[in-house]
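The following blocks contain the structures, represented as structure tokens.
One chain, chain A, links the two complexes that follow: it is found with chain B in the first and with chain C in the second.
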Partner chain A sequence: MMYQCFIVHKNIVGFFVAAGLFLFVPTGFTQELGKEIFTQKCSACHSIGKGRLVGPDLAGVNDRRSEGWLLKFIKSPQAVINSGDPVAKALFEEFKMVMPDQALSDKQIRDILSFIKKNGISSSASTPPVALAGPVPQHEIELGRNLFQGKVRFANGGPSCTSCHHVKNDAVIGGGILARELTTVFSRMGGEGVRAILGGPPFPVMQAAYQGMPFTDDEIRALVGFLQHADQEHAYQQPRDYGWGLFGAGVGGVAVLMGFYCMIGRRRKKQSVNQDIYDRQIKSE
Partner chain B sequence: MTFNNFLFVALPYIAIITFVIGSIQRYRATGFKVSSLSSQFLEGRKLYFGSMAFHWGILAVFMGHLITFLFPTATLAWNSNPVRLIVLEVMAFTFGLSILIGLTGLFLRRLSTPRIKMVTNRMDLIIELLLLSQVVLGCWIALGYRWGASWFASDLSPYLWSIVKLNPQIEAVSAMPPVIRTHIVGAFVIIGMIPFTRLMHFLVAPFHYIFRPLQLVMWTWDRRRVRDPKTVWTVHRPKNN
Partner chain C sequence: MDIRSQISMVFHLDKCIGCHTCSVACKNIWTDRKGAEYMWWNNVETKPGTGYPTKWEDQSIYKGGWEKTDDGIALKGAGKQKGLLNIFHNPNMPMIDDYYEPFTYKYLDLIEAPAGDDQPTARPVSLITGKPIDIKMGPNWDDDLSGTQDYARNDPNLKNLSLAEQEAMFQLERMAFFYLPRICNHCLNPACVASCPSGAIYKRGEDGVVLINQNVCRAWRMCVTACPYKKSYYNWNTGKSEKCILCYPRIEAGLAPACMHSCVGRIRYLGVILYDADRIHEVASASDKDLIDKHMNILMNPFDPEVIASAKKNGIADSTIHAAQNSPTYKFVKKWKLALPLHAEFRTLPMLFYVPPLLPVMASLKEVNQSKQNEKLNPIAKVWDDNWLYDTSTEELWGTIAQARFPLKYLASLFSAGDEEKVKERLKKLMAVRIYRRFKTVGDIPEKKAHDVLKDVGYTPEMADEVYCLTSLAKFDDRFVIPAAHREQAIEMLEFTGDKKGSTGFGFKEETMERGL
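Here is the complex of A and B:
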């Protein structure tokens, strides 16, 4: 009897545990997943109810746009813009940049949207704004400039910004052109936007480059300061153009190499061993 | 994403497996045919300049890619000085141009010299065209997406290591410009084609030639003097006599 009671009791407990799992866990789990993905992928550029950063504030986005549109747009904003969608084109005009494609499944996007819907204004996932009041101290600009071009290495070992980005500044070597030029990035995105991107890069190429090697707060402050200064001063800057210089140096270098090949091959055997025999045969035919 | 998965996950593994198994099989089956089939006896002058420019260029550029792949942190440290970065990039571009000039010369020689045409097969032309397009893309990348030495170390080296560790991370490489993606895909296609082409000769490069004693070629001697039993060997005597 005791044993039967125990079994019945165990079954009742088991029933409630299972029901709890089915009823409550998926919603909570979805919320958690949504928060995690939002923090990783979205929070660098978007806030929920704390104003615009690089991209728009996402509070209430579920009411403003249909789920189908959001699924399409988040997966490939460029494709939606190219399709002529007026809302996507207006967003591009307003923010002057295209959000990178996100390799997310429909379920992951729905988890994010669910997280945004539930958290509304009280989200804590957005990046705190940077305080950039007044002029930037000269030593901070100097540090930012050196960090930007790699003269001072980032504390966690990340690559210098010049690897991929150019900024029009006389004191900086011509930067890379794999990614967008940053001369006027401060005007385009503001200090908060730049800081948000540095704090959690939303672009896959930048994410991979700094994976496990994040910027420190001091580095972010110095870089933002330098970019603000570069933006303000760019009209007076005339840095050297490396495009044709690099090409010319390459052509000069290859001319030297060809001269070197000529020199070391001067005493090479210039015809085959039996060339005389061959020539004699050709002549006698 | 599916297409990118094929290009940057499936293709690299197919290429590497084909290269390894194909090379072993070819060496086991027809070991003596693993060669670049020298055509120096058929035409020497164009070959010298084409071959020197191509081989020195490809050696330098290949070693540059390999070192950046193996030691990305050291490469980034080297590039942290702007002057060193520019010197490295100019040298890489110079050797890239050297490959382009040399390979173009070799390709034209193969098409225009009757003797060479006789010993040319279809795969020779295909691989030369592939290499040519690859080097054009490489030079384009060096100029059009400059400081490749740095972004290769920070983005492509981790991708290649993820392939080696059997945990491919393709987000960054999928977001690269089309020219760079084509260059990467081209590299894997060429790796996969090595066992079927003359490129396989690099696996049997005669490095021991560098360290072996000099061998004296008999036909450059005064034969009458050599045959004279009274002549003393004043130079190194061949070891196989």
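Here is the complex of A and C:
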């Protein structure tokens, strides 16, 4: 009991310390928060001054758009596009996909924006853009394909890609149709974009699926390599199409099973021993 | 030797008048509930007839009971392997139409129908669906219908009889029938217990009553298939199977079961028999012709000191041993050898025994010349030109049994696994007692003949008097010798009764708490 009191007591002290920090919050602290959220939520698709990834480069976005528009758009891009906003429509035309809705508060968005404003020019020079890797080694493509199909498990236990995605490739049979088809994802988003998405999925469903089970760097490299290969080769690929054959096999299987069940029921007592007496009886109406 | 005690029953078929009082008493106490309407834990059948459920004796349909294998016995339609294979799809189950669909009438329509041109009627409605039905069958639908094509002639017991013998049975002049009351046999080797996948059925240690634990039953209904007597029923409302409980709450209170208590003809006897549980497997796997003898052999003499010692070692109370010594069933089955089990060939070793019916057997038909008699009649009197005489005389001693209008083969297939000699022996004894009593009361039979008859069947005059007393004069306490249940001892095995002492009623009064601080 004494010990517990002590812990509570200590926590109260901790609480006051934290409250004090918030009371005297410096501007640098806001930017720290903004940076954290940016890396978590935005950096998968957007860079600041490093060129376009999945979405546009956000350097100088504060100058291009009004804060009100940004707040509205980041919360629900689809709503803004639907409202007929010309800028939003133009963005959609350019990038061919809609940014997912972000569950962020106004304050968090402002933190991000202030982080972008500060880093807009300075950081662009500091880190050189990542050069695209040359031809991917064969064993990496192999590993990527196996990871994609779930033949090799992800080290942290995440679900295999094929549960939701499909890729047109000879080796891949019947991928999922729950999420986007990924055959040309490499040319659409670029290696850096794909890598960023795998590093920190921006899509809510994918986020939930890989919650606490992130990809390792090796896995990301292998998957990107496989997707690049699939993209380059897809024109020559002729994956086997089971089509109606698969359906026919299903029907055939059902017929065989039904036959089997009938065999089981063969010796069943099928009618009452009194049935012939009942059949002769007069029925009302 | 592993002596255990079993409450056993004897039904004296010569005394059964087929009034169904037993069935109704049982129904009113136990099965007058939703889901149990179709059940008759006790029913009375007309023989020859198909019974309830229809053709229950035909195990090629219902696959009940045990069958002999190379190394013992196996359940015919259930058991570990067959049971598992059929557990979701039991193929040999009787359906509701094999029993009958229970019904009632919309009596209220008779008084509540609006005024109209027609008389209101009470329509029959099903007690299962609640909708109006055409009544197809009812309990005892074939009652007294001895000669009918649909019932009597479909009796599974006729299959051992030649066509000519069957025809002879059903000639109008020869037609006869008797009643067969049936309850659960509380077998020594119960197929229902062996078949239950949930282990819900058990044979009570203290008196051998077979019960279904309603909390454990999981409605697999294997017992319905396995019981060759079809005395386990599925309650569609509770989703559990039920069966005759031999009115154990009444037995524990020293009362006779309801069916026996209410029996008008006083045909039922109940008492303890001590048996040797070590030999059950050996007896159940005996060949058909030894079954009855071996069954009788494991029923032990309650006066044998060795048996008593073994019984005491198993914790059987002195009062129970005493009840076994006075047991009317022991006398009928072992001492006088008058009673036989029903369908011993099912190998469940039933502990309900039947004294076979003498009457339809004893009486015979003779062709006599009645022309002289007819000449004496007034010319306008109706004259029968047939010459049959229904003869119940005892002129010829055993001839009538052999030439009986009711073939012994038929009785043998019911009571002695096809062995006519065993049935004949019992019928002779019944007849001998009858002749002896006729000498005593009517006096038209010479003493020597009466005593010769008794000697023939191995009875002494004292024994014959005993049989007569227990058959005709027995009072309630002679017919039902129920041992004390010793429930106080049973409770002491489960809990320390001292804990409960003084804690009945409302307990000690405690002061109520003061309110406030």
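Assume the second predicted complex is superposed on the first by the 202 of 285 C-alpha atoms of A that agree within 3 Å, B and C clash if a C-alpha of one lies under 4 Å from a C-alpha of the other, contacts with A are read in each partner's own complex, and residues count from 1 in each chain.
What we mean here is this: a residue touches a chain if its C-beta (ideal position, glycine included) is under 8 Å from a C-beta of that chain, and two chains touch if they have at least 3 such contacts.
This is a predicted model, so every value here is computed, not measured.
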- Which of the two partners, first being chain B and second being chain C, lies in contact with A:208: first, second, both, or neither? first
- Which partner, chain B or chain C, touches the larger number of chain A residues? B
- Message: For A:240 in the superposed arrangement: first (chain B), second (chain C), both or neither?
- Response: neither
- Message: Going by the contact rule set out at the top, does A:283 touch chain B (first), chain C (second), both, or neither?
- Response: second
- Using the superposition on chain A described above, determine whether A:268 touches chain B (first), chain C (second), both, or neither. both
- Check the residue A:178 against both partner chains and state whether it touches chain B (first), chain C (second), both, or neither. first
- Query: Regarding the shared-chain residue A:107, is it in contact with chain B (first), chain C (second), both, or neither?
  - Reply: neither
- Considering each complex separately, which residues of chain A are in contact with chain B in the first and with chain C in the second? 265, 268-269, 271-273
- Message: Please output the residues of chain C touching chain A within their complex, sorted ascending.
- Response: 50, 53-55, 61-62, 89, 91-95, 97-98, 134, 136-137, 150
- Query: chain C touches which residues of chain A in the complex?
  - Reply: 264-265, 267-269, 271-275, 277-278, 281-284
- Task: Using the touch definition up top, name the residues of chain B that touch chain A in the complex.
- Result: 1, 40-41, 44-45, 48-49, 52-53, 56, 73, 76-77, 79-82, 85-86, 89-91, 93-98, 101, 142-148, 150-151, 153-155, 158-159, 169, 171-172, 174-177, 219
- Can you name the residues of chain A that touch chain B in the complex? 100-101, 103, 149-151, 153, 157-160, 162-164, 173-178, 203-205, 207-211, 242-243, 246-247, 249-251, 253-254, 257-258, 261, 265, 268-273
